[in-house]
């Protein structure tokens, strides 16, 4: 029912985008298009600029060069609120502001969709509750977020993004703090969302989660070099060994490659 | 955010009316309910009319406006700094406003210029606390409080300096800038009007404040233009503090105690908390001023003494718990 | 609980009020054309005119209370503030707070028809409010001997007690003049007057106490300082080396403030034992009791001259 309020979904893309990392020379310009239905995984060692890229894509940081487009229109002319109806982000760290309950936190996601004079409706609450249900945290809805474990908080943050319901989902290490079961549950959820037409773009630590769930991969090297494309073409041992500066052994599990660091 | 907003506000509004009624009924001259009724419905001796309508009522309303302004200013500062210990008095805004007002008075200015100067002092003070506490890192509570306390102490010293070099005839009127006192307030209207306006403004602003209270990055990701928003809050908090200070000097801790208590009971929806602060802050100061008027009558206490006696333990308790 | 004293004074007040009302009516009906308007110009240069002489006076400082009594209007004082302890009868009058923070309600309840305010002592805001409420306010600020006399005369005029008031003003004026003549040719004595002990405070030549010193042939060692009541360091006193030190104290018999100077036997004042106690109430309020205080000053300085 809320879907009817939604304006047309707009595809996020970058044109010759160079992210701004202080004290680092310009990296390779990115021309990405995050199409509906795609699941992107961003891989790279610490400090390669993955988080900076996500923040730039979410419009929180200005790029050093190039531009960000929604349906080929530069986003500079767009109001922040309209932009955040299209693009949402789950942060890697969760700041504790004022104490708030789980449900209140998820409801915050409705902000871009409500006019200043509107209060959250029953529909909005229902939407937040569905998102909490999907992330298996609905039973915590009246708890204060500050009393939750790291993994529970992470799931509340993803539920908040789900309540925000943007077209493009940006996620910074969404499986952080999660146990194996919930890692898989989150990945399944993201796959579902992609099938429903959303575009998913996330940074991942875990090479094998990316290999298992992502259909597009962006590799970011510490010197600013980058390459991207279909997962099966990007996830080759030579490229990954250079990326992490680590020798790897590849095995095949369920028809997909599985990467293990070599000993010594 | 999911709680009904109307009920608590109605209760607080009733409490405000009750407090105002009580304050008008009590004074160092004993009036019976019959006397009060006669004042309200005509046919009272001129003395009673003067006592109630020209002394008690304006003073009560001035106390209400001052308390409401300070509580709302405190709540705004807390959202802005994402820290429940922020308060216009503790962070030196009141001191800055008092110095501004005193300078204007010493220069022989009057009326609006005094208020404007107080506003500038409050702005400058916030800017200093912000800038210095922020430095290169982020606002940690200890750093923020330390900066605020030092700046406030600095303003205190400037006030003392100005008091000791100013001509004797200015002294009694100026002393109350150090310890707030409603007994010198001339008219409640500017404060009441501003308080009403601010409550109307925060209704559409409230949800944005809720989002901002989650941190600037999260707020930006949810479509808020964080910088303009922060400046707006900062200007509003300074304006409210300056108005309160020009009315009644620097009264401490109302901006700290009232929002904190309300957050404990009502949660953290700013759309509810801010108007609730207006009511509860006003109520608290009206009651405190009533105490100040009658507790050792005919001796009169400055109301700041009462609020400080309530506020200091609360503040220490909060600080102790917040480790 | 009923306080017998206050109930008596209340009933007396009620009777007085009744009397006022009756006499007002009688006056209005019978003697209206003869009723004299009384006028005086106060320390703020404002002329205050009362349609009829004051009958209920509120004195908003201990000094104002003394002056009202000096003007012969003591019986008419219905409200005083803290520390209004002279004359002793003033202690029986209802209090309306302190001079810095007035209990406006109680003040209004007493229905004064003349308020004597203190320009530099009462808060401007509260005095203005009294005026807005329609109370006639007469502000005083006697800064020299003559002003003490004129203020007494003005109050006497406003209270229609001119016979008594003018006589008292004249007695004060004549007494001061006599002292002035007596000590006009006296040898100058360098004097330090100690207003307060901690912090150490004195007065300059502009201050009434400064005038008292000069009148007795004293030479205030800090007379040239800018502030009326300067704060000074003990070193400054030692280097100024006054020939006599005059001090008040906390209370009327407390000589403790003078003992600190005994630690400096090389100071002229200490060496000659010219450390004199002056009861503060005789010099620190601008009232006719200053005549007695001045006389005491002059005697002490004369003693100092005798020890040369």
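We call the chains A, B and C, going by the order they appear; numbering starts again at 1 in every chain.
Basically, contacts are C-beta pairs under 8 Å (C-beta built on N, C-alpha and C of every residue); 3 or more make two chains touch, one makes a residue touch a chain.
Since we're looking at a predicted model, the values are computed, not measured.
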{"item": "Chain contact graph, described as a line, ring, star, complete graph or other shape", "value": "line"}
{"item": "Most remote chain, CA-based centroid, reference being subunit C", "value": "A"}
{"item": "Per-chain Cα centre nearest the global Cα centre, belonging to chain", "value": "B"}
{"item": "Mean-CA-position distance for subunit C and subunit A (Å)", "value": "81"}
{"item": "Gap in Å, rounded to a whole number, between the CA centres of subunit C and subunit B", "value": "40"}
{"item": "Euclidean distance of C-alpha centroids - subunit A vs subunit B, Å", "value": "43"}
{"item": "Residues of subunit B defined as touching subunit C within the complex", "value": "27-29, 47, 50-51, 54-56, 168-169, 171-173, 175-176, 181, 183-186, 293, 297-302"}
{"item": "Parts of subunit C lying in touch with subunit B, wherever the complex brings them together", "value": "82, 94-106, 108-109, 111, 119-126, 128-129, 133, 228-229"}
{"item": "Sites on subunit B touched by subunit A in the complex", "value": "1-2, 5, 78-79, 82, 84, 203-205, 207-208, 210-211, 213-215, 217-218, 220-225, 263, 267-269, 271"}
{"item": "Of subunit A, residues touching subunit B in the complex", "value": "55, 58-60, 79-85, 88-89, 91, 95, 97-101, 103-105, 107-109, 111-112, 114, 116-117, 119-120, 125, 164"}
